[in-house]
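Got some structures for you, see below.
Both of the next two complexes hold chain A, though its partner changes from chain B to chain C.
What follows is the complex of A and B.
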């Protein structure tokens, strides 16, 4: 059994994680494998969404429960709402970001095996530092994708951001959870020598719950008359999910990493 | 895969199966639950088909509770495999995987019985109610665990380690599904609808509580059968 390096102190652990993160960033800037695959996928997906939702954006609907018994056409027009509302648009945005991230992050551990650097990492770095470095890199990729895709999506679909601070908290919390899931699932799939199909099969069920909570937070974001306690509950739930997932992954990662 | 732990297999085969009495009791109890669901418990007010739709609770609720319990048991064995040197063996891994497989079975039963109930009660078999959504996502979590184990079929040690890690990581969404999601999101799922101001009626207690026990005994019985089957396969492999 090949064990990892001797556990370093906190400063050594942080410098190992930073070194791995910078190594991955330099490798990615040199080869641009993840960026190009993610970029192309995101661009194609945005184009598909723009084409598919062209008519949906202009469709209006009315909630019959809000209308009086005897209605006039003016009353109906006054109560018409977009058929595709902002929470729905937010949900589709996160579906787009999830699949874009999966397109780019599935190979974050596999390419170490292909490049022959896995043994060197095992011998020179603590498993916790490897996990932290890979997590930071995956988070950076997800944040870059979100930073580029979200404004384009807002332009295409007309998504309203609502209160900008809460919108940013929601997006950053979402990227944190997405990066956390992608990192541990990539490690498992690489060790299982699975294909991209295995990565999706393992990762998507973990993310469906997260998507549910994101949609709930989006309803709060666009709800209008929401108490601060409700906002704290919904956004806090998102952040706590991500933090718990990172904690459990960090504790169990060395069982995946070590031979 | 050797689950014999180095024991002499030829001399350890038992002459008869011990503890069969509780299995007869389980069978009798399940017959009582089926009889009681239709002939002892009355129809409940507020439910479809003259209240008869409420009878689904005797099968749906124990299945749903067991699907959560099985996950908890699977996670405990997974944790024992990873963190305890005493239980770091393939038998512990087998117990974890059996609990998860049975969890998948009971989760499927809960989904089907719940869907039948919804179809009769509300006229639509699926409403995307938070609890309905939760149970189908639990089904996906169980299924992805099974997929991971299938992908590692030829590497038992690696399979044990990775599936234990996945079970522990998936605890986070599982716990959010079981505890947080139904409380965060309002839904149509009936809660406390069978209870009167003085609690559950006697007729329902007489059937529901034995139903929980009967389903639990069925789970234990299936667990034992599955573990014995896995040990028999490992004995055959060790001999050959």
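What follows is the complex of A and C.
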């Protein structure tokens, strides 16, 4: 008889999720499948942005519609604005983060499905715990990418972060939403034996809503005359969407997971 | 730990006083289709603890599918596979705790070592997997000394042995074995036969369901379900 019989309090949902998260971290550190694809994409994108925006970030522009008929050079100078403003820079930062994250997160479920290890997981753990473990791993990846890429991006582009507390809330809430979208979409794609194309198609509706929420919250940072109530509404909308998506995904995940 | 306590943790409170697993698997008019193709139709059979049920049939007759249905991994198109202990039908979570499963399409993590795989799955099952336990388990399946090697470097026979360690981790009273001796050498086949014998003799009774076409394995039991033409 083998020692170590089933304990009366067999592994609960949380400890199963924790074990899966730690297993994914260990496997990732060993194979570096997600790390290499995310790292390569992020580095290449930052390099391109640095080279392409060297001139753009110093460039000023003027809105001709705002100028009087007869105009002097002083009047033109007075109406000059940066050609590449902070909302635009913020938008490009999230383009970078979304694509970097998706480049790595596609591996989370697709890798399990392709390697054939989902059967062993299905024999050993509750569907909700699988979702929670994968979500934690994906959030960790997104947060790591954001923590490394954002400071580099701010240095390269000269992005003004606005109030630092609000900027941090935006980044963390954005990462939460991005992790939530990517996790459920990766699960759907893996189940459909998906490729990158399918991954994108399945994720589009969820991602569009996330992006709209993110855009609203990002505009709050640079809006100028935004009221505190509007700020709370915009940040709250982003966080609520992320939490709602996680809750709905957790409840419905077994339909995706089970055959 | 007494059997009563183990059952108490798995079954509803009113069933906790029973003294044995009282295992029962009933296949009740099970039909399964993949699209328009009927794999098998109206399969009816029953098995109880201490028994071995052999499922046979030609390639593609649905042996593996039937085992997946019994394990709760697949829902049949019609009919039911009832797995019960102490008169109570087991739900998905309870089946996970009482069933050990070995099959050709079961794959463990190639990037982890054998011991790391077992530790991970032990944690999922709530089993305390200390070093002594892992050594016991690896020795039992003939992999002593290979626990620290990455599974990616294992031969197909060693991977099959590791699948048995995976299936036995949580000491399940029900074993579902699909092509149980595939890729195994003579020594490996003897180990599997020993495991099946021990399962049959275990206190409280174990139940084994085997999907095979190997003449030697067909002899393990007279209790059989044949799938496909002539079923």
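Before moving on, here are some points about what is shown:
Going forward, the second predicted complex is superposed on the first by the 232 of 259 C-alpha atoms of A that agree within 3 Å, B and C clash if a C-alpha of one lies under 4 Å from a C-alpha of the other, contacts with A are read in each partner's own complex, and residues count from 1 in each chain.
One rule holds for everything that comes next: a contact is a pair of C-beta atoms (placed from the backbone, for glycine too) under 8 Å apart; a residue touches a chain by one contact, two chains touch by 3 or more.
A quick note: this is a predicted structure, and the numbers were derived from the prediction, not measured.
When the two structures are aligned on the shared chain, A:86 is found in touch with neither chain B nor chain C.
Contacts of A:256 after superposition on the shared chain: chain B is touched, whereas chain C is not. Of the two partner chains, chain C is the only one that A:27 touches; chain B does not reach it. Of the two partner chains placed around the shared chain by superposition, chain C is the only one that A:122 touches, whereas chain B remains out of contact. In the superposed pair of complexes, A:166 makes contact with neither chain B nor chain C. Residues of chain A that lie in the contact sets of both chain B and chain C are absent, per the superposition on chain A.
Residues 1, 5-6, 8-9, 68, 71, 73-75, 92-93, 96-97, 99, 101, 103, 105-112, 116, 120-130, 132-133, 136-137, 140, 166, 168-171, 202 of chain C touch chain A in their complex.
Contacts from chain A toward chain B in the complex involve residues 184, 188, 191-192, 194, 198, 201-202, 204-206, 208-210, 212-213, 216, 233-234, 237, 241, 244-245, 248-249, 252-253, 255-256. Remark: chain A residues 1-12, 15-16, 19-20, 23, 26-27, 30-31, 115-117, 119-120, 122-126, 258-259 touch chain C in the complex.
Note for the complex: chain B touches chain A at residues 82, 133, 137, 140-141, 143-144, 147-148, 151-152, 158, 161-162, 164-166, 168-173, 176-177, 180-181, 184-185.
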